[in-house]
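Each in structure tokens, the structures are laid out below.
In what comes next, subunit A is part of two complexes: it sits with subunit B in the first one and with subunit C in the second one.
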Partner chain A sequence: MNASATSAIAKVRRRPLSPEDRATFFFLLPIMVVFAVLTLVPLLSSVYYSLTDYNGFSTDFNMVGLKNYVTIFSEPELLHSLGFTLLFAVSTTLLITVLALPLAVTLNKQFYGRSLARSLFFFLGIPAQAILGLIWRQIFSPMKSGIFNQILDLFTIPPIPWTSDDHWAQFCVIFVGVWMGVGWHATLYLAYMQAIPADLYEQSLIDGANSRQQFIHITLSQLVPAIVVSTFLIMTGNLKVYDLPFTLTAGGPRNATMTITQAILLRGTGQSQYGVGSALAVLFTIVCLLLVTIQQIVASAIQRRFE
Partner chain B sequence: MIESRANTVPRKIVRTIVTLGSAILCALPLYYVIVSSFKTSVDMTKHPFALPTEWTFANYAQAVADGSIWTAFLNTLIVTVFGVILQVAVGSLAAYAMVLKKNWLTVGMGAVLTLAFCIPVQSTLLPLYKMEGTLGIVDSLPGLIVLYLADSAFCYYLIVGYMRKLPTELFEAARVDGASPFRIYWQIVLPLIRPILATVIVFQTLAVWNDFLRPSVFVSSAEKCTVVLQVYNAVNAFSTNWPLFMAITCIALAPVVVFFMFCQRWIVSGLVAGAVKG
Partner chain C sequence: MQSRMNKAIVAALGAVALIVPMAACGSSSADSGNSLTVYSYYNKATMDPVVAAFEKANPDIKVQISYGQGDSEYNSTLQTRIAGNQAPDVFNLNGNNRADLMNNGAVADITGAGYLKGIDETYLTDYTKDGKIYGMPISGWLAGVVYNKDLLKEVGYDSVPDNLDDFAALAKKLKDKGITPFLENGQEMSGSLIGLLGSYYASTGTDGDKEIYAGKSTFADQWTKAFEAWNDGFIKSGALPQEATGLNADQVKQSFINGEAAMYRTGGWDVADIKAAGVNYGFSPFPEYPGSEPYVDGGADPAFAISAKTKHKDAAEKFLTFMNSEEGLKLFTTAYGSASVSSNYTSDIDEQLKPLYDDYFFKGKFHWVSFEKGSTAMSAEVIAQQQGIQGGTTTPTDAAKNLDAKWSSVQ
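So, the complex of A and B:
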């Protein structure tokens, strides 16, 4: 280390704390406390208990190493809950985006009752997921009296075992997830579309572009930032899904629609496998961080291409 | 849109039929809930889609009979108001620190908070339950409010993007005039960030009001129930009385509808114009 570098460091050290520096500390204090108490300490405690055979109440427990993690990978039920959570998050992200974009374009055109149509679509994403799940449970009832089965009956189609069949139940949960999200995200796109300069469209008309070309070359490329925000919100929100499948199918039949959250709660509280529950929680955190990172990398790559 | 060709009356009519039609189709479950709440059980099974053969308010009378739904409303209101105010206060203070001065603390916390935003509450639920159990605040409204503070990181994330675009000369001028950092926050920054505050408040009000996960884990006694939990419990309690469930659902959704009508324009507006860097 040469002399000038040493003196530079000394200068930094000698510099007194400015009032601003002190102020930043006080302004950050509440969020540091909140983060430490509600996120960091619980997360570290999850990591610790994930390495033990703790059952949730007994004070007598042992370190078992990675045994709980091995358990997760050897129990199909637990792996399945992780799989369904990922399936739900990824498929709703794709489906909502593919449907919301054209819907937003349509809602942006002129027609009668436009604000009513906008509000109706938007509102579907507003009530509690748990309440919507309960409503749809009635509609998707696998019994002959179920609403959808009665409609099928009108066309003399035999009843479908909606929520009592593994694959149909997964379909139902994803269907309702998309139903709730499309209008909400179309509204988000609509808001962004108001910022697209109108002369872009005028210019393209002069150049003889048709409406499909306009959609692809102007609307879509101008909406890239909106797509990034929207998919980010759906992905992070829907990885945390719990309320909807829990109320619609209760995770059944035979754990077909069990989410990772439900599995954590079941193991950690109901089945006295606090260690396994904690290991699931840790694994889930890693998966979330990974997915969000991947999403960010892909998003910024796409954004660079369109700049 | 300036294309006049695309806005002829026949085109508008076709568009109206397709778009408004699919909107109404999508909203049919809500229609079903509303009409069913005015029917008897028999009427509901016999004519599920028709208007009630005879309008009955018995379901509503039964739904409010024991008064528990009002308690649930009050609980939810208390939790939502305190939860959201605290989240927004903590989040906006932190965001202000970020633009106030760049030093090792703000840079470090900025990175930590971005990470914190991605850690799902699910992975901290078991230890939080244990923690609240030790403190004796499980199954209490303050215990629930504390949990929602974890969303401060999300509020911070939305607010800081907006704040970074404010002209720093405004703070500088106030600082030269001798205003303390807190006074600048309170008198200059907060009024300036009103648009994003409106979005964050509306967004988080819905999130807290609608939450089911945390009440269902942390609340066990009936008198501490939130509205959503109350509706869920009602389904299990009256598993065969669907019209009663529909009436309770309508009562539970009524405030959400009113809130939506007044606040819908703020829900997404703050997410636009680069407020969020995805």
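So, the complex of A and C:
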């Protein structure tokens, strides 16, 4: 190492922390502590417990290697719950995005009662998921007295077994998931739309662009950052969905709407198999990381395309 | 400079504000003299009057009670508290946690305790392991078929037939009139199936479930016949429609109260609502397995137990003594709507429901399935299999075999 390099390192070492650095550190400290205590420590504990046969009661447990992971891959119902969770997260992400964008464009136009309409759509996602699940359970009741079935009856359409048929039950959970998210994400897009310069639209009008061309070439391309944020929020939020399917269908019928979070709880605490429950949680974290990474790569590729 | 300093102070205060509550979560309150911690399966409305009377009778003991809602939340919270060395002094054993808690030494052995006096041994069986008693149930529950007398009269019936074929015939008549014959909570083990299972065991003279737990028999041997009878009498006959798989307890009750369904499976807990709705109702047992006798669902309610690691054993024992006293039993069973199983007090029971207690429950003609291992997993598997039969995707023979496969995989 030469003399100048040594003195450079010494200079760096000697440079005192500026008050800005200290303030930054203190501002970050709370969230770092929260992250460490509530996320990092439990995650590392889960990795450890996933390699044991801990049952949640006895402190006398053994290391079992990857046995719990083998259990997961050999049990169709656990894989099925992983599959439904992915189906729910991906389909709601796509459907909410496809519906929220035109909704935001509509809500951005001048019309009588616009503020009320914006508030109404935003309100859909405000109540707790568990409460919405219980309400929609009544609406989707498979009995003739169910609200949707009564409406169908007006058109002499026979009742549909909404929550008692595997595929219809999955449809119900996804439908309510989309219904809840559309208004909230339309509001997000609406906020981003306020930042699109009006000049762009005016210039395009002079150039003879119609409203479809304006939407595709101006609105949509300017909203790409918003789409990235929105899809990221939906994907991460809906991968860990629990309350909605639990209250709407209780994971049934025949485990058709069982999500991974329900399976983790059922296995870990419900069946005293903390090891398998932890392995499921670890595996799920890895799948989430993979999915979110893919989503980010695709999103940034699209972003580059529009820049 | 001053503003930077302020920023740093604000940030530090923010950090402290976040850390302090988390630190508070970590440890429980210190061991405070004569305080007794109780984690109750029973809700606040049931336990508040009992606790108030107990504290009045024992002014030196302060009860700190908390509540869990439903089996799954209650059991997971209790398990977390025990795993974290924060076990309450008194808690409840139920069908889904008793095996785990008794097997892992989390509950104190109360065999021979004076406060068990008056409780019939039948009800202690579920809370006994290797001859040692771990829990004290003070009341019992039963469920049968509640029926709408007016709707049954419309199709020419006064009550629910005991014979399964006659029951199917009644169901057909109701269905033809556009009335849903029978409903039950689709997210629980089927009460009508378990009733038939109990009736089947009565005909064989052995409790088949115990044979399975002991490894002497299989579900294929013990459950197939009941599954078949249930499929013929309840499913193929259309008595229990497939829609029921998507209904919870409240929806089932609503359908009965609004006259859409003529019968459903319930017990004393719904009587107040049925009465308030003005339904002309009656109770009957489940139809019998061919050649046997009718049975009801039933068993001891969750038992009171003392933690194996309690530091307040005297106070905990006083609490259990009070629960099994005349005053404790009266307050508890009145608020909970169940029947005392202790000779120290006889509960007032709804007059329509009373014959089911007198003719079936107190005569031991009741059955419920309480798995001795993997209880939650096994219950979930039974539900999945019964839903398979209801949906026509699983045969009774396969359903029983699938239970065997699950049984061999649970710990």
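We take it that the second predicted complex is superposed on the first by the 274 of 307 C-alpha atoms of A that agree within 3 Å, B and C clash if a C-alpha of one lies under 4 Å from a C-alpha of the other, contacts with A are read in each partner's own complex, and residues count from 1 in each chain.
Simple rule for what comes next: a residue touches a chain if its C-beta (ideal position, glycine included) is under 8 Å from a C-beta of that chain, and two chains touch if they have at least 3 such contacts.
Predicted model, so just to flag it, every value in this text is computed and none were measured.
Trainee: Considering only the touch criterion stated at the top, classify A:Met143 as touching first (subunit B), second (subunit C), both, or neither.
Mentor: Second partner only.
Trainee: Which holds for A:Pro225: it touches subunit B only (first), subunit C only (second), both, or neither?
Mentor: In the superposition, A:Pro225 touches subunit B alone.
Trainee: Just checking: does A:Glu20 make contact with subunit B only, subunit C only, both, or neither of them? Give me first, second, both or neither.
Mentor: Touch partners of A:Glu20: subunit B and subunit C.
Trainee: Does the superposition put A:Ser164 against subunit B (first), subunit C (second), both, or neither?
Mentor: In the superposition, A:Ser164 touches subunit C alone.
Trainee: By residue count, which of the two partners contacts subunit A more extensively, subunit B or subunit C?
Mentor: Comparing subunit B with subunit C, the partner touching more subunit A residues is B.
Trainee: If we overlay the two complexes on their shared chain A, which of subunit B and subunit C does A:Leu266 touch? Say first, second, both or neither.
Mentor: second
Trainee: So, does A:Thr187 touch the first partner subunit B, the second partner subunit C, both, or neither?
Mentor: Once the two structures are laid over each other on A, A:Thr187 reaches subunit B alone.
Trainee: Looking at the overlay, what does A:Pro253 touch: subunit B (first), subunit C (second), both, or neither?
Mentor: second
Trainee: With the two complexes superposed on chain A, say which partner A:Gln203 touches: subunit B (first), subunit C (second), both, or neither.
Mentor: neither
Trainee: Looking at the overlay, does A:Asn62 come into contact with subunit B only (first), subunit C only (second), both, or neither?
Mentor: After superposing on A, A:Asn62 lies clear of both subunit B and subunit C.
Trainee: Looking at subunit A, which of its residues have contacts with both subunit B and subunit C?
Mentor: Looking at subunit A, the two contact sets intersect at 19-20, 23, 27, 30, 34, 38, 138, 145, 265, 269.
Trainee: Which residues of subunit B touch subunit A in the complex?
Mentor: Subunit B residues touching subunit A: 1-3, 6-7, 12-13, 15-16, 18-20, 23-24, 26-27, 29-30, 32-33, 45, 48, 89-91, 93-94, 96-97, 100-101, 103, 105-106, 109, 112-113, 115-116, 118-131, 146-147, 149-150, 152-153, 156, 180-182, 185, 206, 209-213, 217, 228, 231-232, 235, 242, 245, 249, 252-253, 256-257, 260, 264, 267-269, 271-274, 276, 278.
Trainee: Taking the touch rule as given, give the residues of subunit C at its contact with subunit A in the complex, in rising order.
Mentor: 1, 4-5, 7-8, 11-12, 14-15, 17-19, 22, 72, 75-76, 79-80, 82-83, 96, 100-101, 104-106, 180, 186-187, 242-248, 251, 254-255, 258, 260, 374, 376-377, 380, 383-384, 387-388, 391, 393, 409-411
Trainee: Which stretch or stretches of subunit A touch subunit B in the complex?
Mentor: Those residues of subunit A that touch subunit B are 18-21, 23-25, 27-28, 30-32, 34-35, 38-39, 41-43, 45-46, 49, 106-114, 116-117, 119-124, 126-131, 134-136, 138-139, 145, 147, 150, 179, 183, 187-188, 191-192, 195, 198, 201-202, 205, 211, 225-226, 228-229, 231-232, 236, 239-240, 242-243, 246-247, 260-261, 264-265, 268-269, 274, 277-278, 281-282, 284-285, 288-289, 292, 296, 299.
Trainee: Could you pull out which subunit A residues touch subunit C in their complex?
Mentor: 19-20, 22-23, 26-27, 29-30, 33-34, 37-38, 55-58, 75, 137-138, 140-145, 159, 161-166, 169, 249-250, 252-255, 265-266, 269-273
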